[in-house]
């Protein structure tokens, strides 16, 4: 009798623990998904891997801190930060990517890495090096579900991510601009012939991607804090998510982000927390070894 | 004349001359230190350039191999009491074998997937070094005794300078051999290389191992020189730094790798007077160079000279 | 033009660039009259928490001293390098400080890792060095040229354990940052625990850049009988630990170290910081000190000066830099020169110096010179510090 | 004895049979052509024979050895080489270097010998350069020897691919549309080169759209349609086959 009770109790302890890790995982995962989606959008339009994607994330968070500091109300500060980051996205395309058209993959990678250093440097000079917290959107009182707790902010992260993903689907499937981006990604020359302004498509893609990154950065800043270096790891994990899902496959990136986030939280909880950051990369190596084009990527045949 | 052949001896002699006279212009120990750092970085870049510049396979994880050499040597010397040179060979062997094992699955990948895989591999190795603090001292790094017979800094200058000259010479030899042409063919068109008998996988694996061993040896020597090693050596940023040196100097140019290493080792030291603006300016220089000289410094300048000759 | 000449041209250009760049770096090195104070701090990276106020303090007071005519009739010049949290960078910076910049004294090293890495160089170069980092290993055993100003991690453990004893708590969990200070303090606490009859029932760690510690805390939560949790570490990590701690609904008392002793911690952790206790120097509670306390004017003076110059409130870290600078300057004045051996000897003779960290009495056997009495146990109440009595 | 024997070869791409149960043989020392309408599977067949693709079913026999699924470089070592419909030039090298890569299998490839620049390597390269210059001469490109390939005209690159393939000393050479995109004068030059290659005793397999050229130089023609064999035989036989006419007219 006693034994059974004890067992039940420890079982519910275990499931509460599992749930706790899962909450951590999906919150992280949603963030990675948004960052990964940003990678995908830019890659689709331009075949560039934007190593400054993480800095968009950072700029969203730091921008919000700055505008809040100016005394703006939260929603205005958030919109201002997203707008500012989007401007940087546009600028990156116009002043760094467009002039370097036709450069090799490595050169483009280094240009975006240079851009990430510039953005970090700029934020550091203008907004300082300190860590900052954004107040949570709906308070810090945790919600208890089956013995595990989740912050209201995590629900915001999840909710907004779902909304953004749905909105993007609508954008790409139903609007002219979205379709133009898809067309450009499939065949740039054909799109050009069809009268699509490819340069404009690229421009918009970078802006869109920057806005998404900023949104991700703002959503998680109340949970993880932010400073000028906060985007580095997030950017790399988002890249993992995008590759895991198959480069250029937006929904794949979302799935990839979730997988990475949950794997990370479970790994930290049940295996070794010290190796938490390695989990995403071990996962990506295993997947690439067995499926070289990601989980949901198309396997292409070389034409000769 | 084979167009790559001519600058070979000339360039090598000039490099030797620079190394020989440079100490006369170096005012103090710190400047000698920077010169030695340049040599170290240049050697890694020469190896990395064989992989990236010639064979066309990107690696965003080469810092990890420098780290393996450094920590391999450090651990064997400090914890196991091995002879430093033996440790260096052991670390290089380990790195080489590791490269050999992971090369096949990794180099099957292309473009951004290859970039991701090498990046991931590098980060995993760097996390292991950071975490296994019993062995590695964790994020704070570890102290190692140096080579007993290298009693002064200038000894190191000559030793590493000599290793650099050897590396340049060997790299030029390799490039101007059937193996070198096969590597460039892999870059040009894998399928075309295969139908004339080049086992592209074998050559990709070979050059991955070679460049890994270059990196590992530099890591080992570096740890004996500075007596200290921290995990940043294996980190993402060091890997990126190395690639930037190669591309900045000019891909598929051995002397480009040396020039790239020199400039990008000196630049951050020169920019320290900017304090907070250091990173901003560094990033801008990087971006502008890559946007306006996408082929890198040395090939672009070489093209300029060529054009000048014609007119 | 033959292709050999082409190669020559190529190489000449390379030579020119190397030489040019070296010349620029060499031009910094001109010897001048001012007394050179070298510093290497974690101005960026996860420890910018420490390095940023330290640098600001040094800049502020060196400017102040120069306005007042300098020291020994000479102006002071600060030579500073940002080393992030990379000890290797610290080594390069210190080599540069001693051999290129030829500084007279070094005040710096925000982190214990960076400090420990440069100790061999400083000892070899024979330059007086005052560290601003926490680990006890920096001054135990004593090294001829190395001094430090902050209280040690060992003292923090002792202070926390005293407080635990007074509350009757005996079973605790440790959660530590893996960076130098966190790891070192974890070691010190583990060593010291038996002496205070404290049982450490669980020990977890997290990386310097981690942003989510719920996994580690969930594990601690799962261990029965934990009466208090001690977090050793500096930077933003402890703020996240504190937030996660409240999120998981953990109610046992949470202790932090003096590695978070700045208002920034309260700001970052927000409401979650309520009730957190930590040992810290009196600087944080300047206005709450009794008027009889000899430290009161000193800490109030520094506090006001710093806030006036940079806005915001002071941290103890800036205070460490203040103490280091004052001790070094006083030693130079007593020595009447910047002769390194003489300055070192005078630093070692520092006694009765009242600084932000407490009253400093150094000796041949003690290169820190502080005792537990200057350490206050603070509790965060209503978003501000309060003294636990 | 046949040089190459293909039995019941098939490959499926995403449910579509690009090559469907194809069998034929190639006799040594002749010029064989493979023709068929666009999308008939000619290039796919080349890719299957030369190891670029692995067949779904069926076998390839080369000199009575089963070589199905062999890698291209393994086949090259056995004397099989090819050119490509879409140029596969090593654009990062000069013309002569391209050809010298072709001679790869016949040179000393020891790593340490190369690394230390031993005289044998240098001697071998000097000799190789001579023979490769002769090959450039053979295809009429000697004056381009030290030109960067990215500044050479298209027609010259087509011939350069042939020279590179010849450098590997093949017994059988598969040419994938060597005249595609060339003007009539250039086509005739290629014609001549192909005939000269055949005269050297090298078996030539040709995929070509230029019917005039095919009919003129081929000893044997294989006609493909939708991945299947429509017919085969001499130029005369094929020309008069009603199925072939129907296929070409889209009947």
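In this document, chain identifiers A, B, C and D correspond to the written order of the chains, with residue numbering beginning at 1 in each.
Everything below uses one rule, namely that contacts are C-beta pairs under 8 Å (C-beta built on N, C-alpha and C of every residue); 3 or more make two chains touch, one makes a residue touch a chain.
Keep in mind that this is a model prediction, so the values were computed, not measured.
Two chain pairs are in question, B-C and A-C; the one with more C-beta pairs in contact is B-C. A comparison of C-alpha centroids places B closest to the centre of the full protein.
Subunit A and subunit C have Cα centroids separated by 35 Å.
Inter-chain spacing, taken between the CA centroids of subunit C and subunit D, is 71 Å. Subunit B and subunit D, compared by their mean Cα positions, are separated by 40 Å. Multi-chain contact residues, meaning those touching two or more other chains, occur in subunit A at positions 124, 274, 277, 302, 304.
For subunit D, the set of residues that touch two or more other chains comprises 52, 84, 88. Among the residues of subunit B, those touching two or more other chains are numbered 1, 3, 131, 191, 278-279. Subunit A contributes residues 13, 17, 20-21, 23-24, 28, 124, 128-133, 135, 140, 142, 144, 149, 151, 223-225, 227-230, 233, 265, 268-269, 273-274, 276-277 to its touches with subunit C in the complex.
Every residue of subunit C that touches subunit A in the complex is listed here, in rising order: 43-46, 48-49, 52, 178, 204-207, 209-212, 214-216, 218-219, 222, 235-236, 239-240, 243, 246-249, 264, 267-272. Every residue of subunit C that touches subunit B in the complex is listed here, in rising order: 1-4, 6-15, 17-19, 21-22, 24-26, 28-29, 44, 80-82, 85-89, 91-92, 95-96, 99-100, 112-113, 116-117, 120, 178-180, 183, 207-208. Considering their complex, residues 43, 49, 96, 99-100, 103-107, 109-111, 113-122, 124-125, 232, 236, 239-240, 243, 247, 274-275, 277-278, 280-282, 284-285, 288-289, 292-294, 302, 304 of subunit A touch subunit B.
Those residues of subunit B whose C-beta lies close enough to touch subunit D in the complex are 1-3, 169-170, 172-174, 176-182, 184-185, 187-189, 191-200, 206, 252.
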